[in-house]
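Here come two complexes built around chain A, the first alongside chain B, the second alongside chain C.
Right after this comes the complex of A and B.
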């Protein structure tokens, strides 16, 4: 009895030490998250109820006025913000759909080949590791009136598809062009995630369907796709995050133009915060930032719910 | 086990501190100019004088300001180290964060007619009224001085926007002194392209109609290089720099300002207004390809590279073109010409204040800093600044000569009479120009360039926009 009690006390002490050690290990990460995550989120949340130009010592309380002004009341800002919401939602839908539509078949194909597999995977992953400012500017040159894409179209006898103003100079083609660049840079990630998912599939299920006479397309839609729902959900969440948060491509390639056709909520937040096209207002910027956060969270929740595994 | 855990904990803790330190402020400028300004001091003679620091957002002015600082050191008793932070939003962020951390320099530059007052309201700039006295003010070009003066109307108009109110400032007081002036509405033309198209390069077009005909000629000769360009990715360029000067001449002064007022006469959708929009629409076929995706600098670069025959900018465009290697002999400079069918056929553009300098509340050398600003705005200081920066100073140069022929042309573009048109005067707009109405108007006007609207529809849209803006103000 005494020895059992001593063992229990010793086990408790050991567990306590392990807990303290574990907490000490995660404390720096938690601290960083609290400072740069929770604090900044809370700060921005509070600021969304005020007006502040960033240099004045005082904030001006407006309550829900910022939301009303930005989305409904202001004859200048409200149309701009609503347009940004529309463009953001277009990107948030198009990006995951196109990325998945291209990534999954590509991953299935890469998974089924045996020769040059490593080389092909490396090539297909290159766009993801080369994304950034340099790549965005390279794409800009390609989209110019005398850029590579127009030249290729004209050389291929498809001059009617070329854009005399350049793809980024035409309000009708600017957003689709940027979506194409986003898809190009995100497909490698999708391929990688799907390849990982395909490795975890039970081969016997796939083999059984093959024996039953299911063709490649049927196996893809009836076996592979349902089994990879959780992976797809993850990929959709990542693409939605990219669509809502990523503004570098919109800033660097078009700055929201032409005619605000590529203005997104994240870019509009940046414009309001730094006074591009008007006076800076961090209250307005925080308002749009939080709205963006809420919309993104709702979309993520809907996605998880609809794509959760039913297998 | 215990021994193996402690090093791991130590490593984790060290990594946390390193990552936090890496997130600390970086005082170097985005373009690395802080080192160059330090070197410029270090490479000089042994420093015996105190040094004051000045921030600007124009890289092309650093050398000029330091040259003036050198010249003025005999009277100011200090040398000046200038640091440039670009682009403008990076500069604004730099000033904001420095204000929070107490790292402001002795002098900051600010966009005139608004930003300097916001800085003053925030306590960044001090009141220099006593030092920037009548004698100093008398050096400034009258139209510049008038526009740079804080009026009660501006203070009252600022109340419409609670985040940018100027309620603590005093009308007539000075919080910064203008040292750079200029005007938009200046056309630069490549003589080589014009001559190849058979356009006369000895005499600039005298009327809007003549200019359109000349653009048509260069465009017909070569569509890819004969067009007109300006930074329409920023829609304000088309509105402020091109349409407003032309419309002022077409409508006449009274009608032009009345149209922006609460009881417009004529309204934006009235015949005369629509006709002015039709005149602007005459440019639509001749814009360079991809112009809607060209920012201001990109448009100037395209012009410098010979991709456009005509570039619309301002007096401030010249330093950038010179930096891009444009041959001064290949450039013709003239103001936006007026329509021969308009109310006014001979309009000069008043110099407006563009950049002002003020003494910060954090300065440890406020007297010396103010003395430098007074020296910069004196005729001698301004002449040196103009010569080195190739830009138009806010000071009347009088008898002082500028050797640079292009700067002389720019000075010739700027008018000084009472009838001269102030392109950047938005006092007739809702909120006296402090609201976003000028930018919104620009955003609608650029739809003409994109062929997304007609002059009639645009007139109706702008009439509604101004009505709504006045109702909301």
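Right after this comes the complex of A and C.
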């Protein structure tokens, strides 16, 4: 009896020691997280209910007023913000659709070959790993009035499609051009996700349909595509997340121009926060930033649900 | 009697069909490969053209290849300073990431402590917080802490930003190691810390390399946070240096492209050497 009691006490002591060790091991990560994650997010949350120009010591409480001003009331800002919402939505639809339309066929074809497969996969991956300022500038150069894209179009006899003021200089072509670059740098991720998905497909199902006489196209539409649906869902969510959150490309290639035709919600947040094209209003910036964060949280919820339904 | 010629005719028709299928498969694959490398080829070709040729000749092969643009970039940019700063930020961040998160992932995988699940869930949720939402508060916080304008003002947020993917990948790796190993080492009298440093950390090498490569690419290319944190050109990283090249009044694309090459080449080299880990890490983090 006594020894048993001592054992549970010993076990309890060991358990307590395990807790202390565990907490000590996660402490550095948690400390960083609390300071640079929780605190900053909370700070932005509080600030979104105030107006503040960043210099004066006073914050002015406006409640949900910022939201109303930004999206509806302000004669200058509201149209700008609504335009940004529209552009963001266009990207959020076009990016997943185009990325899937290109990366799925590529992955299926890549999966069907043996020769050059590794080499091609490496090449396809380059746009993803180098995505950043250097590649965005290369595309900017190609989109110039006398840049590569215009010259190629002229040489191919499609000179009518070329843009005299450059693809990024024309408000009608700037957003499509940026979407093209975004798709270009996201296709590698799509190919990788689909390749992984294809390799885990149940071979017997595909084989059975082949024996039943289904042609390659029919196999793709009736068997492979439905089986890949969870993978596609994941890809769609990642692309929508990119559309709402990514703004580096918009900042580095057009700064939202010409005539705000490539302004997005994230870029508008940046402009309000850092006074790009106007004086900064940190309350306004936080309001749009938090709107984006709520959208992101909803997407996260959808992600977890779709991932759970996969198992 | 006529079965032999008929099969051979059948086979040749089959061969023809197979060749056609191969053509239909390889043609688009190669076309997309060309599109994938096209901007890089543009970079290389423009970097070796002179000031007039870069606007007049859009062909990929320079008529008069010259090192002039590369030299201008090298001298006008204080390139060595930027390279050194980029390396400093990347190396310190990676070291911190490889020190802090394996330790935490080990605890999340093997130890029982209060709030374990909630904490891990919060780290994963961080993945969905848009960078732009916290960018401004980070700058204000850096200012308060006296980090604004310093390397640490870039490093701390970048390291924190690496936590979700690093923790998910490393915890899964540690959980895949048979638990008996942990128990046996503990029974032998090793402390948790000793089990971690002598057994689990060395065993996790593939996952550690994957985390390192994924973050190397992201940190080396990082532009937005550095641009709002660093103001002294002496502290600029390569992407900020490159940005300066384009903000001059007359843009010389051959010089800009030469600068872009300096940014891109290390990433491409690391990717080519460690691609296996990179792909494994990326597909592991999205699964």
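Assorted remarks:
By our rule, the second predicted complex is superposed on the first by the 260 of 311 C-alpha atoms of A that agree within 3 Å, B and C clash if a C-alpha of one lies under 4 Å from a C-alpha of the other, contacts with A are read in each partner's own complex, and residues count from 1 in each chain.
Following the convention adopted for this analysis, a contact is a pair of C-beta atoms (placed from the backbone, for glycine too) under 8 Å apart; a residue touches a chain by one contact, two chains touch by 3 or more.
Just so you know, these numbers come straight off a predicted model, no measurement behind them.
Measured by the number of chain A residues touched, the leading partner among chain B and chain C is C. When both complexes are overlaid on chain A, the residue A:158 reaches neither chain B nor chain C.
Judged by the touch definition given at the top, the superposed model places A:208 against neither chain B nor chain C.
By the document's definition of touching, of the two partners only chain B reaches A:55; chain C does not. In the overlay built on the shared chain, the residue A:28 is in contact with chain B and with chain C. Once the two complexes are laid over each other on the shared chain, residue contacts for A:40 go to chain C alone; chain B is not touched. Look at A:134: by the touch rule set out above, it reaches chain C but stays clear of chain B.
Of the two partner chains placed by superposition, only chain C is touched by A:238; chain B is not.
Residue contacts after overlaying the shared chain place A:297 against chain C, while chain B stays out of touching range. By the touch criterion defined above, A:251 lies against chain C but remains apart from chain B after alignment on the C-alpha atoms of chain A. Note: residues 21, 25, 28-29, 32, 36, 144, 146, 274 of chain A belong to the chain B contact set and to the chain C contact set alike, using the contact criterion stated above. Chain A meets chain C in the complex at residues 15, 18-23, 25-26, 28-30, 32-33, 35-41, 43-44, 47, 102, 105-106, 109-110, 112-113, 116, 120-127, 129-135, 137-142, 144, 146-148, 151-152, 184, 187-189, 192-193, 196, 234, 238, 241, 244-245, 247-248, 251-252, 266, 269-270, 273-274, 282, 285-286, 289-290, 292-293, 296-297, 299-300, 303. Remark: chain B residues 5, 8-9, 12-13, 15-16, 19-20, 23, 89, 92-93, 95-96, 99, 118-119, 121-124, 161-164, 224, 232-233, 235-236, 289-293, 295, 434-437, 439-440, 443, 446-447, 450, 452, 465, 468-469, 472 touch chain A in the complex. Interface residues of chain C, counted against chain A in their complex, comprise 25-26, 28-30, 32-33, 35-40, 42-43, 46, 55, 58, 99-101, 103-104, 106-108, 111-114, 116, 119, 122-123, 125-138, 140-141, 156-157, 159-160, 163, 167, 191-193, 196, 217, 220-224, 228, 239, 242-243, 246, 253, 256-257, 259-261, 263-264, 267-268, 271-272, 275, 278-279, 282-283, 286-287. Contacts from chain A toward chain B in the complex involve residues 21, 24-25, 27-29, 31-32, 36, 51-57, 60, 62, 73-77, 144-146, 164-166, 168-171, 174, 254-255, 257-260, 274-281, 283.
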